[in-house]
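Once you've had a glance at the structure underneath, I'll fire off some questions.
A, B and C label the chains in the order they appear, each numbered from 1.
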Amino acid sequence: MPEPMPPEPLLSGGGRVPEDGAIAATGMGGAMDLATAEGETLERAPAGPDGTGPTDRPRSLWSDAWRDLRRNPVFILSGLVILFLVFVSLWPSVIASGSPLKCDLAKAQEGSQQGAPFGYDGQGCNVYTRTVYGARTSVTVGVLATLGVALFGSVLGGLAGFFGGVWDSVLSRITDIFFAIPVVLGGLVLLSVVTSNTVWPVIGFMVLLGWPQISRIARGSVITAKQNDYVQAARALGASNSRMLLRHIAPNAVAPVIVVATIALGTYIALEATLSYLGVGLKPPTVSWGIDISAASPYIRNAPHALLWPSGALALTVLAFIMLGDAVRDALDPKLR
Amino acid sequence: MGRYVIRRLLQMIPVFIGATLLIFLMVNVMGDPIAGLCGDRQCDPATAAQLEKEFGLDKPVWQQYLTYMGNVFTGDFGTAFNGQPVTELMATAFPVTIRLTIIAIVFEIVIGITLGVVTGLRRGRPVDSGVLLVTLVVISVPTFVTGLLLQLLLGVKWGWIKPSVSSDATFGELIVPGLVLASVSLAYVTRLTRTSIAENKRSDYVRTAIAKGLPRRRVVTRHLLRNSLIPVVTFIGTDIGALMGGAIVTERIFNIHGVGFQLYQGILRQNTQTVVGFVTVLVLVFLVANLLVDLLYAVLDPRIRYA
Amino acid sequence: MRGATHAKWAACAAAVALVATACGGGGDSGGDSGAVLSSSWGDPQNPLEPANTNEVQGGKVLDMIFRSLKKYNPETGEAEDMLAEKIETSDSQNFTITVKDGWTFSNGEKVTAKSFVDAWNYGASLKNNQKNAYFFGYIEGYDKTHPEDGGKQTADTLSGLKVVDDRTFTVKLSQKFSTFPDTLGYPAYAPLPQAFFTDHAGWLSKPIGNGPYAVDSYAKGSQMSLRKWEDYPGDDAAENGGVDLKVYTDNNTAYTDLLAGNLDLVDDVPAAQLKNVKNDLGDRYLNTPAGIIQTLAFPFYDENWNKSGSDKVRTGLSRAIDREQITETIFQKTRTPATDWTSPVLGEDGGFKEGLCGDACDYDPAEAKKLIQEGGGLPGGQVKITYNADTGSHKQWVDAVCNSINNALGNDKACVGNPVGTFADFRSQIGDQKMSGPFRAGWQMDYPLIQNFLQPLYYTNASSNDGKWSNKEFDDLVDEANAETDTAKAVETFQQAEEVLRDNMGAIPLWYQNGSAGYSDRLSNVKLNPFSVPVYNEIKVS
């Protein structure tokens, strides 16, 4: 038997659940919704009729997953890369000497040499130093945007799923509204007026247009969890709404959110670069891969090294986060064990 | 079924109003569009005031929105600053972008699903790991880097294609841009299909089919594929809207004069009418595509009945 | 109907790209003069009316389809009579203009004195929203047709313009302006046919003019096809069959297309490609001086930049910029370090004076540091150079200028670039006086006169005085120069005004910008005029 779609959410809210997973919202050719769509298979998994879903105790789900992960080379590899990135973000000066803002035009576009293994970019800045220092910004943007999206999205989506009815309808419609705006377009419009040169506007924008993705996942998984026997039992015993939500539903519904968020993290880092390419991303003196990639892209013929190193670092980072998300999903998805 | 469709259509109304209002407000936040019209000069105040009046920019935002939506329902999407009706811009831009989107979708379906089926059936083998790694790399490199690289290599270094697309934008010219546009989604369709196939491969009905002695080919096409494609179809369906509105980067790199180009131009010039007009149509496309996908669901999965 | 013509020219363009066949209108098949070239273009921002076009892309078209009373010599920039038979004045305020006989518009209508007067009246009338209306501001009656600050328009026509007969009209200015005739080569002063007024929408979708080319088809936002006008009466008839202008949003793509043989002429080579341009194109690359100067303007409405000592800080910043190295590395010598506030295309006689800026424009880190300290240091400890990120190669040079300042002052964060997403927003921030530090200012001359480099930019409350610099001495000198009938004396007085500007460092001159262009091997005799626009009518296509 193929698993049936959960019938209830289908009908509630006008059957919006089927497309939950895969609403494309992005102008990056769908990168931002990548996480969502794959999350869908997961989201449905807990509803498995054969009882293999995480209807067991939550502890066993997590410990099972952890045992799986520890033996998964993909997880170990991506984990190591991420640890390294975090280390570099915190203490960039350990592996790179000099300031990323120190540029000497006389050295513009020069290739690899002593003290500058990655060469110099069009402004005569040390590409190696800038790539190392850029990690901090990119990781900060990725992590904070993901945290914001996850918090905001899961709270709103969770509440909609839990209370249902009018709340659900209203919130679902609002979600649709934000989904309907293409992400890059929204970024161009909103960020073109920003004058601040901190990372906050970019993060804020990502949260603003990114939350519906998580919200839908959270809503779906809360609806699924809500129907579980132990929740019904808790309700029958007179548990309060907040107790049911926090003690019984949240721990069971959070897995899909984590998976999607991990994968989304990588896409946010890539989105920052795209925004910079369009001239509305982060601003100097912030050092970021996005800024460097977009600055180097017109020099692709003369100084490809200035484009390839930060692009490579960015791709590696995104790759690490997506692989981590993948590994976590495999571990949390009992059907794929 | 009919009732369901009607309910869905009714639900579209608030979403449509909300999304257009949202974009309208966002574009308004961008500030005074008139200032950019006079080159490196201050517009003389009299002309500026006159222009503001003509474009209705002297009214409060809510009033501008109401007037605008009123006009939209009569088919008048306003006028761009260069004096051209927005509907005329749409008439030239949308056919181009629709062609580009069709190519992108074909790539997603043909390459994405094929790779997905192959890797799903051979899960854990070298083919699988290889394709998986490639898709991950495609996803992690920003589209504009892929686009610029392909343009340089194929267009200039090897001379296989023209580096830009002419104003005709024929299907042939759009193949490479379409591939660039589809790349991320394509990688994604591959992964989605793979997961879905791998999941369903072990399900009872497939085992039964195999046990009955049905040929492998028939099992895969008739049983496995049909059931596994549901999430994939969902994804592709809803990707249509994103591809159409999201081609800003691709259209810029390959100089394609489609929707993304008009939107980008409109934003740079803070041309409210152009931006809002195009987004309004995109929102409609998005909503209709969503509805169609849900209906398609019922066709693919007979157990789903919409009341 | 539109669709049909569209397909026709597109097929033609494609054919031309492959083999040099003729595809011009008028049935002139074969032969060199019939071949059509393709050229890069940007979508004009405003409707293509002469008095409504204030940027190069629209100007490019007007230059091809219109001829005015005067024409600027493509090489020397000198204003020469075109449609004007003679322009006479005795007092620098009342002018009598006689139009040459035998000129017509491409639809056959005769060009008369009325064609000019009607066009100018249209341009000056507030209700027509013409963005270049201020060009008519010197003519008497402008305050009635175009009242500033919201007053009601009380006249539709300029009282200073009178048609005398078919070929003669008189102009009365509201003040003396000795070089007025030399401004008449600007496209805003072009004559207009009756069709412009009777069928305005039709005219806009397919403009009709009196220049060497006629518009064959115009697909807004993507391509305009111009074809040689066979019956053109002037002596500068097109030497090719026509020009297809193709819209590009990214000049890198246009350049890439040129390399791939997909385009014949690019008149804006992106800074990033300059390094390899010689390699790519050999001698099919032009680098010609143009009447463009780049400066950094300051917000004089901001106290921080307008207190005692600020002039020292500004001069110090000027001396912290290594113009030599930036023009060499970033722009590969397509720009020349500026040593005054005008442009070399004016020539010595026209008012260009090399080295007028003196020490204040010489790179000297030690002196720069000293001056800035003496002036009280940088306001807030950091300067932000604001620019718009959407056009040109501004990011590259702003970053380079900042790096130069940082290196000179020995502080990594003394200067940062502050990109603004769109040009419109950049302009609106300037208009609202929101700048808090220096910002990009560029000036492309309207006509090759020293007056045009000084008055609109630095005269109190002038239309392009974005920094609101104001200096009585400067204003008085400009007034004096304008009233001067002797050109040499006028130029000298303007230069005195320029010295006042220097002593206050009202704006930092950065560099003179050259026009740069690259072309395919099908073309020969390609030139750029002093406005950095290709001289299309002289291009030969093989």
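Following the convention adopted for this analysis, contacts are C-beta pairs under 8 Å (C-beta built on N, C-alpha and C of every residue); 3 or more make two chains touch, one makes a residue touch a chain.
Remember, it's a predicted structure, so these values are computed and weren't measured experimentally.
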item	value
Middle chain, criterion being Cα centroid separation	B
Interface with more contacting C-beta pairs, comparing B-C to A-B	A-B
Between chain C and chain A, distance of the C-alpha-averaged centres to the nearest whole Å	47
Approximate Å spacing (C-alpha centroids) for the pair chain B, chain C	39
Distance from the mean Cα position of chain B to that of chain A, given in whole angstrom	20
Shared interface positions of chain B, touching two or more other chains	30-31, 152, 264, 267
Set of chain A residues in contact with two or more other chains	188, 192-193, 301
Interface hub residues of chain C, defined as touching at least two other chains	390, 422, 425
Residue ranges of chain C in contact with chain A within the complex	252, 270-273, 275-276, 322, 325-326, 329-330, 389-390, 393, 395-396, 399-400, 402-404, 406-407, 412-413, 416-422, 425
Interfacial residue positions of chain C with respect to chain B in the complex	7, 10, 13-14, 43-47, 54-55, 126-127, 129-131, 133-134, 146-151, 204, 219-223, 246-250, 253-254, 256-257, 259-260, 262, 390, 422-432, 441-444, 456, 463-464, 466
In the complex, chain A residues that touch chain B	1-2, 4-5, 10-11, 14-16, 18-19, 21-31, 33-34, 37-38, 40-41, 173-174, 176-186, 188-190, 192-193, 266-267, 270, 273-274, 277-278, 293-294, 297, 300-301, 307, 311, 314-319, 322-323, 335-336
Footprint of chain A on chain B - complex, ascending	4, 7-8, 11, 14-15, 18-19, 22-23, 26-27, 29-31, 104, 136-137, 139-145, 148-149, 152, 180-185, 188, 191-192, 195-196, 198-200, 203-205, 227, 231, 234-235, 237-243, 245-250, 260, 263-264, 267, 275, 279, 282-283, 286-287, 290, 293-294, 297, 301, 303-304, 306-307
Chain B residues within the chain C interface of the complex	30-47, 49-51, 54, 81-84, 88-89, 92-93, 151-152, 155-156, 159, 162-164, 166-168, 252-255, 257, 261-262, 264-265, 267-270
